[in-house]
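Structures given as structure tokens follow.
One chain, chain A, appears in both complexes that follow, with chain B as partner in the first and chain C in the second.
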Partner chain A sequence: MNRRKLIEERFFKLLSSIASYSLIAILAFIIVIIFVKGFHALTFDMVIKAPKGGFYYGGEGGVLNAILGSLYIAGGASIIAIGIGMPAALYINVNLVRHHALQNTIRYFLDALWGIPSIVYGAFGFTLMLYLGMNASLLAGIITVALLITPIMIRTFDEVLCTIPKGLLESSLALGSTNTETAFRVMFKQGFSGFITAILLAFGRGIGDAASVLFTAGYTDLIPVNLDEPAATLPLSIFFQLSSPIPEVRERAFASAAILTLIILVISLTARALSKKYSKSNLQ
Partner chain B sequence: MPNRRIFIDKISQGWMIASLATILLLPVIIGLALYMKANPLLEQQSLSTLLFSSEWLPSQGKFGFWPFIAGSLYVTLLAFIFAAPVCLFAAIHLTQFASKKLIRWMYPVIDILAGLPSVIYGVWGILVIVHFISDILAPFFNTSSSGYSILAGGIVLTVMCIPYMLNMLIEVFNTVPIGLKEASLSLGSSYWESVKHVVVRKSFPGIISAFGLGIAKAFGETIAVMMVVGNQVKVSGNPFDAGYPLPALIANNYGEMLSIPMYDSALMFAAFLLLVIILSINLIFRYLIHKTTRK
Partner chain C sequence: MFTDVEMCEKPDVVSTPYGSTSILRIRNLNVFTEDHHILKDINLDIPKNKITVLLGPSGCGKTTLLKCMNKLTDLYQELKVSGNIFIDEDDVLHSNSNIPAIRQKMGLLSQRPYPLPMSIFKNVAYGIKLQGVKNKSLIAETVERNLREVGLWEEVKDRLHSPGASLSIGQQQRLCLARGLAVKPWIILADEPTSALDPISSKIIEDLFRNLKQKYTIILVTHILRQAVRLADHVVFMNFGEIIEQGKPMELFKNPSTKQLKEYLVDGN
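The block that comes next holds the complex of A and B.
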């Protein structure tokens, strides 16, 4: 090996390892900054109280309304997403199992759907809301977020379902069970861990998304009780508090950001732990 | 009771087909709804005026989207220039050189980076990037900047795009047959040479697609960019100036859009524009990726 070749090899190996280590550094940097800034301002009141009068001018209270609003919206949206996503994913893997070209075309469209930005879903949710004569409310927020997370849910569940050996499906059908029985009693049971991962991923995405609920869920200091009431969400609450010029309110925005990050970390790590055994991983 | 079983089967099959059809028709429905809302504006003004005029005076009925389109293109371009080399080298490292232990660490790191909500990136941008630009970078280049600038938007977008692009690049590199690399190594090339001449060349269409999809992702990102980009309507080539990307325009003005005539049409037109641009980029490059990674 001549000298120039060796230097080039060393140089690029070093460069590429710097690139991948820098990702760990960036993640650590973001999380440390958010947590240090956030836990500094975090009090117990933040998590257990809704905003009192003058909260946005530095008054008493917390962001419980936003935490609950986010959980309601993400939870409701996940339920709708399960209702649409689970049967769709099962259909792709049971009924269409012999039509590879069609399966791949559907996956291709779903992947493309995944790329549509959430602000477009938000704008669509808004037009739909006006069309149906609804106000900005919990329900409108739930529907919009559900549309956003369903493609994610289908594709994640589908990735697990398509790793299940075809023999299982064939033997179930050969014993005379209908497509439905095969889908729910064999495929669904086999892919259950993937199903849970898909729900958690979709739920996490639903909690964190701000652009889609900006138009549709409204914003209020009250904790929503009914579906037709407006609801605050954690990302929007961070956003609004941060645009205030008052330092205490901005500090609270950082604390809320730490709460949101913590929720997302818990969801993401749980999903990972659950899917570890089953998921088709990119990196071996 | 076979009849009951078949009855249940029929019902649930119907439910399955209906759900799948709903989801597949969704982009068409979204497109149509937004187009119908944007139509009043399109009837009044020509498409080229809307796209390339820079006069933005909603109260006088003048809607020129050029400042916003230019702003979007600018932040996206910056993000792409910063993110592409990092992703390419990191993907090469992780698929060709890295140890098993590092890979075990990297996988959750990429996942968490991809899963962090955009508002968190926005907070981080305000805390770190904005101050970095106004206190260190701008004085270094002998200009002044509030920090809320196109450059800040570009940097925050870079970090958000990296996990997305990286995941696809890893998938693309993993489909290169190992035999090809071994053949090149056995002919006496170094590891880097076989990466450069075989792995990268073989997966070239995949790399281009991953970059394209990264660009589409950056183009549609809303909240994080809006928090750091400054939101002023002007066309400027200086990255230290504030900009106003298209998604930020929609998000910032939803409150007043029903009070000014045609304003809602204009914002829905902006959303329609985003949808068309991003969906077509996605359809084109996803097609390339599906061609290369699926057998």
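The block that comes next holds the complex of A and C.
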């Protein structure tokens, strides 16, 4: 009996460690491949220059247009998603606390929206754009990506707010705070780490998505300076370069992928550090 | 000059056997869920500046009764509440005046402390800031006075800006009490406030309550009979959602008139 338990214990320990280490290995493998393949093309020029003439045939230049375009689009969309998502998640958990059916319906719809493939958002954004008489532009891209990431933002923050004990809500209300004060001064702070995770997830999804910006943001070698100008994005830039028959250009695709990965890594590390620092000073 | 309303409410203002008037009057309070009658026709007068202890077996509805008093039952869709709870002529359950103002008349001390996600200082300052107090020195003064009142000042005065959650559970419970007192409530609703505490912290809370009743009215739920004997001015014994007996602790505990209370006392000792 004891022996059986011991074997069982060892077996599952082995199984779970294999699972987690292989996950790390796969991630490392992907990153290594991208960096190795793009190593030669990963020059300083790549990040400080926009494409010059003949860039896509191996000519001079870099992908600064796509880096900035991606940051603008993902950043702008994240700001919109925060503006809508943060109050929405708080509303679901504070104001709707006694309306279970409504809460569940809203969550169900948000989950459904989360599951919709981004090309559908792209098509929807495209239709909306035509309807409004807009051109493919930074603004259209931002709006489409915002539609894509707002449900992610709300649900991720909501999942953390859900776990906050009802006693805290009751304590805050018992002190005479209104729902709004309770939401923004107490629940928001208590769920702050979830808020950071939500931003990260939403931003990461936004900056890495190609399908939603394919028709809406357009593509250009110029660096966008206005909301109504088209904007390049890193995923599309990678796509165009990767489909080239010229080896140097394909190498640049990997370099661009490495840059995108680095951006995401840097942003998630900063956000984690921020949230850790914040929760240290407030919670523990 | 009496209006009809005042005329018909007059008989309700009974003076209690303790020489003080009742501060809170509960009339025909009923709480239902879909399949359960949690509180049945509760009629209760809470004497002012006294400690009223609610006793009763687990699940008899003590916490629900407390939650009715400051309308926290609002947060539970499944609870249907009817009846009246008068505090100073305001009917808590049907008042049109703002609920936060009514809730501020009642400080809540729950079974487990829930410090707000902010510093010790801000925890205590939270309530008065909501009331619109902006004067920094007035806030600091209030915070110090209330932390002193619960005997926490000496322990925390050097770490006022560390998070409330960094305190021990016993300290957190006193912090929550200080936070509640800072908004100057009339009544303190305490739901088994010592159940998560060690004997020493429990004693501190008990001593506090004895002092606090000069200024506040306290309604205390407890499962500890000795605590009830030590603290109570008035005891209310509940069972299955009904008030079975109430009275002065000595009379009630020496000569329980119902079988249910007798059994409860025997099992409790």
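Keep this in mind: the second predicted complex is superposed on the first by the 233 of 284 C-alpha atoms of A that agree within 3 Å, B and C clash if a C-alpha of one lies under 4 Å from a C-alpha of the other, contacts with A are read in each partner's own complex, and residues count from 1 in each chain.
Here, contacts are C-beta pairs under 8 Å (C-beta built on N, C-alpha and C of every residue); 3 or more make two chains touch, one makes a residue touch a chain.
What you are looking at is a predicted structure, and each value in this text was computed from that prediction instead of being measured.
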Chain B versus chain C as contact partner of A:22, first or second or both or neither: first
Which superposed partner A:186 touches (first chain B, second chain C, both, neither): second
Contacts of A:126 with chain B and chain C, given as first, second, both or neither: first
First, second, both or neither for A:165, with chain B first and chain C second: second
Which superposed partner A:34 touches (first chain B, second chain C, both, neither): first
Touching partner for A:242 - first (chain B), second (chain C), both, neither: first
Contacts of A:115 with chain B and chain C, given as first, second, both or neither: first
Chain B versus chain C as contact partner of A:13, first or second or both or neither: first
Of chain C and chain B, partner touching more chain A residues: B
Contacts of A:57 with chain B and chain C, given as first, second, both or neither: neither
Contact residues common to both interfaces of chain A (with chain B and with chain C): 178, 181, 281-284
Residues of chain A touching chain C in the complex: 97-100, 165-178, 181, 185-186, 189-190, 192, 281-284
Parts of chain B lying in touch with chain A, wherever the complex brings them together: 5-6, 8-9, 12-13, 15-17, 19-20, 22-24, 26-27, 29-30, 33-34, 37, 85-90, 92-95, 97-98, 102-103, 105-113, 115-124, 126-128, 159, 162-163, 166-167, 170-171, 174, 190-193, 195-196, 213, 216-217, 219-223, 227, 247, 250-251, 254, 267-268, 271, 274-275, 278-279, 281-283, 286-287, 290, 294
Chain B-facing residues of chain A, complex: 1, 5-6, 8-9, 12-13, 15-20, 22-24, 26-27, 29-30, 33-34, 37, 83-85, 87-88, 90-92, 95, 104, 106-113, 115-124, 126-128, 131, 147, 150-151, 154, 178-181, 183-184, 201, 204-205, 207-211, 214-215, 235, 238-239, 242, 253-254, 257, 260-261, 264-265, 267-269, 272, 281-284
Contact set on chain C toward chain A in their complex: 67, 70, 72, 74-77, 100-101, 103-104, 106-108, 110, 112, 114, 116-119, 126-127, 130-131, 163, 165-166, 176, 179-180, 183
